[in-house]
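Multiple structures are listed underneath, in structure tokens.
Here come two complexes built around chain A, the first alongside chain B, the second alongside chain C.
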Partner chain A sequence: MKTDSAVVKDAVTSKKVASDKLLLKVEDVSMRFGVLAVLKGVSFSVPKGNILVIIGPNGAGKSTLLKLISGLLSLQEGEIWFKQHRLSKIPPHRISSLGITQLFQDVQLFSSMSVIENVMVGCHLRTRAGFLSAGLKLPQAQADEQRILKRAMSKLSLVGLEQKAWDNPAGLSWGQQKLVGLARALATGSDLLLLDEPYSGLLADEIDKLNQLILQLQRQGMTILIVEHLTDVLMGIGNQVIVLDYGEKIAEGTPDEIQRNKRVIDAYLGSG
Partner chain B sequence: MDFPNALQIFISGANLGAIYTALGLGFFVIYSVTRLVNLAQGEFVMLGGMLTVSFYKMGIPLVPSITLAVIISGLAGAGLYRFIIYPARGYSRLTQLLLTVGFVFAIQGVALLIWGWDFRSLPAFFNTPCIQLWGATIFGQTPWVIGATLVMVIGLFFFFGRTIQGKALRACANEPLGARTMGVNIDRMALYSFIMAAGLGAVVGAMITPLTMTSYSMGWSLTIKGVLAAFVGGINRAEGVILGGVALGMMEAAAAGMVPGGYHNVIAPGILIVVLLLRPHGILAIPGRVE
Partner chain C sequence: MNAFREISSKISAVKLQNRVIALFALVMMTIPLGIGPYPISAMVDVGLYSIVTIGIILLMGFAGQISIGHAAFFGIGAYTSAILTTHYQFSPWLALFLGAALSGGIAAAIGRAMFRLHGLMLAGITLALNLVFYHLVCSMIGLTGGAMGLINIPPLILGGFNFSRSFLTYYMVWIIAIVILGFSLNLADSQVGRTLRSMNTHAGGSENAAQVLGINVNSYKVQILVLSAVYASIAGSIYAHHARVVEPGTFFIPFSVMVVIMALLGGLRSPWGAFLGAGLMIGVREFLWEVMPVFVTGVTGAYELIAYGVILILALLFLPRGLISLFGRAFTKRRATV
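Let's look at the complex of A and B:
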């Protein structure tokens, strides 16, 4: 049986990873906003259980790529495959039910709800009760609510915020809000977690805590795709790195390979 | 002013307040999910009243008549969303607002063809007689109107606050992108909100018909009252809509009891305009969440 690093190496170099081990495959994806080409023929694959880090300077197309994967933007050219599903053929709201969830850079918590209610909305896909049974408070709906409350609380507990469950998210620190967003994303039960600049605005100890959580999730089998520009933070946790520059993929490899890549050093790492 | 008159004003105000609150709740439900002010909300009230009268006159008992009216109005609400608002979902709010006005004229035209110009009425529910209380008169239908409004208010608080489906509906208006990545189907939620609001409107229509009678053209004036109630209190909070509805009803009743001639009709809207000038988003609105 191949080790994780062997699978990554195959994915990155020889492209011989068996299709059942691949979770995500991005094929020749291009995107334009008017005359501006934001992505130019980007391709890569992500095996299950990997942490893929996408780095690049501002305007490199990183966040656009995430939005294409999560269905928030429609594909113009190319194809994205997730568990053998062509995402271009799937309505945006159903992409989440396939197992993809996203934590936004600005988190986008529901400010009219408590912390626990935010996380409960993440469990929305797991409800069995419909509108009518929920409205009429039928036994099935009540059992469903209890099950979802328990699940949401367990996700809050995972990020260490169960004590804040009934607070309004507006009263939490930025780092805590990010963790609530993470708990909400985890509550969806997705296999692929997209993190858009998760470290922005975090303090050093919050960054450490988030890294530990990310590694813990990976150990539990989750595949994680992180877009970030703080390269020093990421080299420690990513086992696959892609570098974008002006919408083009200029390098792909393990963190060590990327750090030695002359083109990356010239275009990005060296500039810092 | 003597006590019986004051009591009469209070009772009339409570009755009107309940009606306006119930009207405002329809606006609240749709706005909570879509951020759209549905100016056709009053037409669902008209439909509810007219359909209940029609079914009742066919010999169908009252409760099944109301149920059928609610179902048909709900379908009309679904039709408004699916065939008019949904195709225009990428357009501006103003365009969508004008489309709801277009629906008003369409539904009024259909109602005119079906029911004609005549006003129609229902007997008070279950033949409840008028009640005399310390010199004031309570119409037999009034407790039903207030009771139905209370049930709607409690039901909506429960649904939006305690059920996962209600939370998903609120999430759509709060952070649509966030809701979508959680797998919430925003279009479906918007459809549900239109069905719910139309159903609520139909209940109001059935409840008030024994008091006010109903005709094909009654919807628009009710829309205006509902909009006033919702915006004065704060359309993005149920508590605001309740406050706005009760305040509007009480002011109207007080003005009718104290101001001679037809002037009372301008006092309540006048005060409300002043309130809106001072707090444009409504008294209890949550800042930043009213567009």
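Let's look at the complex of A and C:
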């Protein structure tokens, strides 16, 4: 029986052979809020099937970068490419339909719905029934309901929460809420998953469980971009790491390279 | 196994809701047999207000969009029917349909522009729409009769039944109201209902979260505004053919505020709340109109406004989820259906 850390190490090794076909390309992206420059000419690319980790202290521009990729913020300078699509001027729901979804740092579950309903909303792109067919309960709408219920339940099973399907998310632990948010994001069927500080507030065993899930998703071909400040957690999971500091990319490389990078050590990791 | 048990209980809840609708329809269909013409007329009003209020509940309670201008859509339906049937001899049923299409079209046009705005701006724009409609109706005298309104609007006739009689109008209104209730409950329990609730920032939703899940938030806002406008327009057309006279005062701000109060009072969580809110408010109105003059001399209009205000305050303080919260799960059920 392999330990969790051994499984993680195996997965990291297997990631080295991940396809180098680019899925996401960020080109010279800058962003200002008033006089404050949040991102300064950031560029990087993510091959399909990779786990890219972006680390940096608070205020480094990590979350802003994710919002630019998901379309929740409009690009001011630079360009972002996903598959063959330029993402500038595309609204967030269209970006989602292209294959990008996001798990927010504060999860943002829909508190007026049960857990399973939250995940069913994530199946939105897989439904065809509109107002008329839903209101008249036409066969298409009923078939949609059955299909997305099944899909939502399978995503909940994946994160191990099928027993909580009919609970209100407010009654779940923070770690469970994060997993519901992950299940909801996975229900979209996206190719690129953006995770904004997914480990924040999690207990050690919950962090292990989330790591296992992330690696399982990667093995299934998903590309994952994680923004985090818990560097020790991420060094073991990402096969590509970018370090942001005051909106600037100060380093990019493998976890080992990053841990030896003097500028990163000085700015962020520390020498201890 | 637990999940399957839950699904079974959910199917039971859906069946229970269908039975409740059937029972409700049966009760409403038998009521006219035991009451006189005046209460029947009041019940027609309850039915008409309920139709408009169901739309408000879907718009406000589900999608989280505030409208205080739905009198305009009610009025567009009423005036379209009145103008097309009195000036151009259209069939009243065709006029009703065209009124609904016009209201829906106007709602779509306004919605596309207004839903780029957020918060109270939406309420402000619907209020402005109501003001514009009122002043247009007052100023286009040749078409609308101006402040005097239009008279001699023909009644709705179907299969030899003349719906100018309260008794028949009652059945028509309540059949339409129950059909709209069924349609709206189906909608509420569907993926469309969940989608609307996901973007309701007043009730635990998040527009950002909805958008990254692929939901075109603005499109859904427009569609639900259109649906609520069509409901209001249908009610307005029936009102015009029932009253056989329209005048602009009916379609002014007080009506818009009244349907919002009915929705808040009944409860924004379920279309059922519309009947409770409209029933209570019309009941109070009738009490003030018919019983108060026995005890109080002079104009009772001021008492009416005071009573509505007091009821709203009490409801918000003690029943923030509306009268519907007093009832069981069959009314407030919001679960995925299989």
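One rule holds in what follows: the second predicted complex is superposed on the first by the 249 of 272 C-alpha atoms of A that agree within 3 Å, B and C clash if a C-alpha of one lies under 4 Å from a C-alpha of the other, contacts with A are read in each partner's own complex, and residues count from 1 in each chain.
In this section, a contact is a pair of C-beta atoms (placed from the backbone, for glycine too) under 8 Å apart; a residue touches a chain by one contact, two chains touch by 3 or more.
In this text, all values refer to a predicted model and were calculated from it rather than measured experimentally.
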(message) Both complexes share chain A, so when I overlay them there, do chain B and chain C fit or clash?
(response) clash
(message) A:T223 in the overlay: touching chain B, chain C, both, or neither? Say first, second, both or neither.
(response) neither
(request) In the overlay, answer first, second, both or neither for which of chain B and chain C A:M153 touches. (result) second
(request) Could you look at A:N50 and tell me whether it touches chain B, chain C, both or neither (first, second, both, neither)? (result) neither
(message) Just to be sure I read the superposition right, which of the two partners does A:Q163 touch: chain B = first, chain C = second, or both, or neither?
(response) second
(message) With both complexes superposed on chain A, which partner does A:I116 reach: first (chain B), second (chain C), both or neither?
(response) second
(request) State whether chain B or chain C is in contact with more residues of chain A in the superposed arrangement. (result) C
(request) Show which residues of chain A both chain B and chain C reach, each in its own complex. (result) 70-72, 92-94, 96-97, 101-102, 104, 108-113, 117, 120-125, 127, 129-131, 134-135, 137, 141, 144-145, 148, 184-185, 188
(message) List the residues on chain A that touch chain C in their complex, please.
(response) 70-72, 91-94, 96-97, 100-102, 104, 108-114, 116-117, 120-125, 127, 129-131, 134-137, 141, 144-146, 148-149, 152-153, 162-163, 165-166, 184-185, 187-188
(message) Per the contact definition, I'd like the list of chain B residues that touch chain A in the complex.
(response) 155, 158-159, 162-168, 170-171, 174-175, 177-188, 192, 286, 289
(request) Sort out for me which residues of chain C touch chain A in the complex. (result) 2-3, 6-7, 183-184, 186-187, 190-195, 197-198, 200, 203-206, 208-217, 223, 227, 334-338
(message) Taking the touch rule as given, give the residues of chain A at its contact with chain B in the complex, in rising order.
(response) 70-72, 92-94, 96-97, 101-102, 104, 107-113, 117, 120-125, 127, 129-131, 134-135, 137, 141, 144-145, 148, 184-185, 188
